[in-house]
Amino acid sequence: MGILEVKNVGKRFGGLQALGDVNLSVAENTVHAIIGPNGAGKSTLLNVLVGKLIPDTGSVMFDGQSVLGRKPHEINQMGISRVFQTPEIFSDLTVLENVMIPCFAKRDGAYRMHAFETVEDEVDIVQKAEQMLLDVNMQDKLRMTASSLSRGDKRRLEMAMCLVQEPRLLLLDEPTAGMARADTNNTIDLLKEIKDSRDITMAIIEHDMHVVFSLAERITVLAQGTPLVEDTPENIKGHPKVQEAYLGQAHG
Amino acid sequence: MLGLNQKDTKFLLIVVALTLLTPFLTQPFAESSGLAQFNAGYPDLMQRFAIYGIFAIGFNILFGLTGYLSFGHAAFLGVGSYSAVWMMKLLTTNVIPGIILAIVVSGLFALLIGYVSLRRSGIYFSILTLALAQMSFNLAYSVLTPITNGETGLQLTLNDPRILGVTATPDGSIPATHLFGLEMKSSAQWEVFGHLFTFNVGYYFCAVMAIIAFYLSLRIFRSPFGMMLRAVKTNQTRMSYTGLNARPYTLAAFVISGMYAGLAGGLLASMDPLAGAERMQWTASGEVVIMTILGGAGTLMGPVLGAGFIKYFENIFSKINDGVLHGWFAFLPDGLEDFVVFLIHPFVGKGWHLTLGLLFMLVVTFLPGGLMEGGNRISRWYKNRRNKGTDTDEGTPHAPKSTPHVAE
Amino acid sequence: MNAVNTSTNINANHAATAPAYFSVWDLHAYYGESYIVQGVSLNVHEGEILALLGRNGAGKTSTLRAIARLDEPMLTHGEIWLDHQNLHKMKSYEASQAGMALVPEDRSIIPGLTVEENLQLAQIAEPVGWSLDRIYELFPRLGERRKQEGVTLSGGEQQMLAIARALARDIKVLLLDEPYEGLAPVIVDEIEKTLNIIKAQGITTVIVEQNAIRALELADRAVILDTGQVVFDGLAEEVLANEELRAEYLAI
Amino acid sequence: MDTFLLQILNGLDKGSAYALIALGLTLIFGTLGVVNFAHGALFMIGAFCAVTLSRILNLSYETIDPEKKDFLGNPAVVKTTYVESWFGPEAGAWIIDWAVPLGILFAIPIMLLIGYVMERGLIKHFYKRPHADQILVTFGLAIVLQEVIKYFYGANPIPTPAPSAFKGSFDFGVLLGMDPNVIIYPYWRMIYFTFSLVVIGAVFSFLQFTTFGMVVRAGMADRETVGLLGINIDKRFTIMFGIAAAVAGLAGVMYTPINSPNYHMGMDFLVLSFVVVVVGGMGSLPGAVLAGFLLGILESFASMNWIKDILPGIDQIIIYLVAIIILLTRPRGLMGRKGVMEE
Amino acid sequence: FTNEPTGSTVTLGFNVPQTGAYADEGADELRAYELAVEHLNGGGDGGMLNTFSSKVLEGNGILGKKVEFVTGDTQTKSDAARASAKSMIEKDGAIMITGGSSSGVAIAVQGLCQEAGVIFMAGLTHSNDTTGKDKKANGFRHFFNAYMSAAALAPVLEKLYGSDRKAYHLTADYTWGWTQEESIAAATEAMGWETVNKVRTPLASTDFSSYISPVLNSGADVLVLNHYGGNMVNSLTNAVQFGLREKQVNGKNFEIVVPLYSRLMAKGAGANVKGILGSTNWHWSLQDDASKAFVQSFGTKYGFPPSQAAHTVYCQTLLYADAAARAGSFNPCAIAEALEGFEFDGLGNGPTLYRADDHQCFKDVLVVRGKENPENEFDLLEVVEVTPAAQVTYAPDHPMFAGGALGNCNPGA
């Protein structure tokens, strides 16, 4: 029994069956990759998991509890954090503030307000956020406004915002897209380190096979809204169907 | 000090000093000079500076931080005034119970309106607040006349019960509003070098309230709560996927700013015990929006400046009539005098709206951050000039700024 | 040509070579007060593919945006010549009419318009390029989704639409900002083929890409940027061959 | 039954005024993304175009008639209009009588010009600025326009009647076999209704059947990209603004016989038309028109006596009440598009 | 007492609407004020100073002090009006406040003046409440009121339209509208008319079609428009548009009545006022010496005849000055005493009494009708009847005026 159990999930957009009949089980403390052609429904599946979309059919259980029908913030409070395909950050706030906010959310829940303390008084939160930014190599950009970051930095920032919450399940939607190779490698290292140092489950969507094969313990290939195969990376690499539908000749 | 860092403490102290010295600052011209027309140091206007400053500070907590543009905030001002006047009719003309009731009632009213209208965002929210406030105004003006006294406005009368105070003073008039016996309207005057300075109890009461209001808003701006509100403004999606529920935050900001408005309304009634329905009209809501933007939304001092600016215009510019103009330009030869007066005439007195409209356009076009930005530019310019002599190009880019062959 | 360190050197080179089909000379551009593009020069011959590489935040996007004459960053100095027309005095729509096309990094699919409308929009101003039929032939997926709102396409589909939209105009130079980002490997193969088709049409291409190896394999020449300045300008093979260069600026 | 019919007629007429103003507003508001608080002022300026034309037609030369006396007892000044002296008394009187319809021709170029100047001179600097800044600058402009009109025309309403051919009203009741006087309707209001349908139809077809509409919508969503596709979006925005100004102005011209124009008539309509636009849904032209008619009709119903007896004061708040109910049940108004002005 | 003049001048505060719908009336009031000040200071032709029955004013200001004035903008909002009045009192040292053109504003400012201890000479205010339930010892009204309108109109209506009529009221939904409706309904019912319906219309209405169209079918044959300002202009225009004037109901010509008329408004309604009855406080075509003198000096100075608002505020200024001169003091209490029960003549409207009980002025009231063939642009109304003061006088404790207390005069600090 995995920490995340997706059963028979289906979702239609008008005439398009974006998700057919998805069954997925992610075991605790593993990295599970979801790959598949563009438009296969990978992001849609994540949208269902975080409460952005409500599926037409099926059920989604996280740690034995259903996530369906819950608001996004409630789902996050259950321990699920998500990195989006296009970075969602607080663009008018500074980098440091961007990371502090998830710290508050983690510590105080969905709506405990601290109207009469100053931000600087929250020493432990500031420290935690600074440490996190150090981990993602952004320590020299603490006071920059998030909107003026380059795209790669925005992604790293968003990842920091999710990681600092120490989620039990981290959903990553193409975390290294657009990242320079050096940073991609750093990210892989970072994710590996996090995986080793604490209890965390990750589901990662990625088109960069280098990233997928360095991290994933199991891979699900999604095509046209239904899982094609689910297997270990080694087996996936050699799977003829996957090669044809997804990997193409270069990785053959 | 007071939970503020050094910079903010300094800021607060400056505000306190400015507020307490207002009777001097607003009275720069000698009584006998022609420019005395521009003096603003009389009790009513100084009180209004403080009161509308509070109103704008409160509005800014909602709008400046969360970006939710309420177009119905005057409703809370009106409700605050009505509550305070009712307190003075039923209980006592001591201002404290009235103000407390004003804050409480407007807070509850804001909770109700906020709960309904915060279900939507953007322009939809603005129109919801506008509609709710306009409904309140229309009802207050006609159907609710038994409570609000309609068009005339709610006033104290000689028949009010005032169970803790007196119905009428021994000489048969309505008792004045007071703070434990200290009458709001009593003033001391000090004449020095031809300048007349007025120190009014009501003003100082409002000023203390304004300082407290300012201090609280400073704390809110610097608090994690304030940071969350700014986060709501930039990205609600990320907010919710970070595990935060934006609604309670926005609702809290809405209620707080509603209570500020209620306090302002209560103070208005305490200074002058009348509550008119026009206080709730959309134009009044629009006025506080404009004060805030004009001064600089999201800045701490901006809204206060904007409030002062507009109230100054309303009260000073509207009073400049042709007679006053002729007085100023009497030194010119007759023909020229008439000509100058003719030129200025459309912009003052009954044309004060025209000048106000033009200034709105100029300020917002050339100072995108409002009056605060103007202030910042001046201080930057001043600093640059001072630095010129000592250290050269620090922080100036080394690269060519512009070259002739790139057009536009 | 070898790695050069100052922009003055490049200017000297520029003076020595014959004016290329598409040439950019000594660009300087600002975001407000921040000085981002610090004297970039490029020379591309007709029908050539140039890879513009560099780390995150190196200024690649900013350079492309400045060339496309967008308002931000603001170009303060420099010349841009395309087929004997000077673009540096133009606004972006005039540059586009002169044959310049930019596929932005966020793809900029226009919300509220269907796939087909997004394409039609590109054919309003002269000069018009490929017909819609021809485009759908190259990208059958877009043909299938022609009535769907553009922004609801999957990431890969959006990238195709953005390139297709550029082809719908009659262009002389195509600026591509990270065209492979977020695409399944098979699609990357496909886009690569498309780019070769485009090249065969005689269209000049500048491609910014984090997947440096693939870009270099495709490109004829390469330019590497670092902190807004050109640090290398030469043949693509040279970069592939030069370990040192790759390690220092590309981490590959 | 007959009162319902009557109130539907009234509502259609009120609705056509709302719809027409909201249409112009939503063109700017919903497609260019500018909150234009000066839109009411454009409506007012349109009305004053009619006033001005009628003043121009009434320009006259003065002769002193010793027979008559003025109010101070001095010999009276008699005025004869130039129009009458040029075209003869009959034709001249006819031209003066037809000032309002002629005002349409007069207003179109003026409104287009005002729209052009306003957009090029002011609004274009505000496309990228926050809505709040747009509100402030256009509100300032509205005040200025209003005060300028007040300076030249005074604060009182100025009667501007319809041509005498359209005086009086038509008896619908008789047509439907009812008693006389049960359902009467003034001719001019019928003309106003028809006119608004024509204008609405024209604007719709222009935006629907030409690519212009698509370009403008695209430009509002993403100016930068539209520019990258070789389209000069600024020019289109200017045209759009001109059209919106002309629509507002024409609505104003035709409205003058219904209510005498005064300098603040624009502000009176402003808030209502914003409500109409938002209830219709941001970015939706059909929504604005639908909401205009809907609110017009509901407002008329609310003024019926028996309804007022049950709910005192309902006619004071009906529009706001309906707006609130619609916005709470339909998140983006009747037909609003997702994402438009929701941030 | 408040603002006791110590120098060689005395300052009066003219608080009129300069922006908003009543700005033109405000402007006309200001003209009249300036004329009055000129006359008080001995300038011009003296105007009604020459016809005024009291002769204490000598053209040397008031009590030898030169009259100066300050102006302010009421914006026709009680709030703004009070702020403006306060600034005149606190900043400019005004000893008397006057002006305004709506009852809400008048009552609000009157209350303020009572508390501040200055005299308030009301401008244009027609509500019964101003000298009824909201009367104040420091406030005085020269204008007539709704009750007096009704009392003057009713006999004329009976004479012209008969006593068997059915009236339909449209009433602006606020205090002034209500008192007017109450007064007219009571007066017409007393002579035998039936009131078919009383319909309240929202103040913000600009289009009255949905209120007007049901009128014809209601069985009523008279429409009474208890509207003022823009409301009145629009509702009357709408009513004429619907062709009400040409209709026959119950075998009679359908009639429209506008109880409170002003010439400026009549101008706004244009040709629609023709033949429509109403009442007004004063009209420039009156032929008594006082009115003629006033029209002469106003018309010479400004080139057009004064409005009733101008007349009222001119009188108010003169009456204040005269009271101060007679009392020999600027003390508000002395002035109030001098005004209370004061009888005079020569300010138009015939012999006049300032009643002590409620500070209401009693004088002749004009019933007017929109003129069919105006001779010039000012000639819009014709006087149908001058109703003598006696006929419009009521007891101080009349139920429509009950409820308030005058209180004691307040001289302030």
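Lettered A, B, C, D and E in written order, each chain numbered from 1.
Following the convention adopted for this analysis, contacts are C-beta pairs under 8 Å (C-beta built on N, C-alpha and C of every residue); 3 or more make two chains touch, one makes a residue touch a chain.
All of these numbers come straight from a predicted model, not from anything done at the bench.
Distance between Cα centroids is largest for the pairing of chain C with E.
Set against the C-alpha centre of chain A, every other chain centre is closer than that of E.
For the pair chain A and chain E, the distance between mean C-alpha positions equals 75 Å. Each chain gets a centre from the mean of its Cα atoms; for chain C and chain D, those two points are 48 Å apart. Spacing of chain A relative to chain D, judged by their CA centroids, is 52 angstrom. Among all residues of chain E, those that touch two or more other chains are 23, 27, 173, 200, 202, 204. Shared interface positions of chain D, i.e. residues touching 2 or more other chains, are given as 313, 316. Contacts with at least two other chains are made by residues 91 of chain C. Listed in rising order, the residues of chain D touching chain B in the complex are 35, 122, 125, 129, 131-133, 135-137, 139-144, 146-148, 151, 271, 274-275, 278-279, 282, 312-313, 316-317, 319-321, 323-324, 327-328, 331-333, 341-343. By the touch criterion given at the top, residues 2-3, 6-7, 9-11, 13-14, 17, 68, 70-72, 76, 150, 154-161, 167-169, 181-186, 188-189, 257-260, 262, 264-265, 268-269, 299-300, 303-305, 308, 313, 315-316 of chain D touch chain E in their complex.
On the side of chain D, the complex with chain C involves touching residues 211, 214-215, 217-218, 221-222, 224-233, 283, 337, 339.
On chain B, the positions that touch chain A within their shared complex are 3-5, 219-220, 222-228, 230-231, 233-235, 237-245, 248-249, 252. Residues 50, 71-73, 76-77, 81-82, 84, 88-93, 97, 100-102, 104-106, 109-111, 113-122, 161, 165 of chain A touch chain B in their complex.
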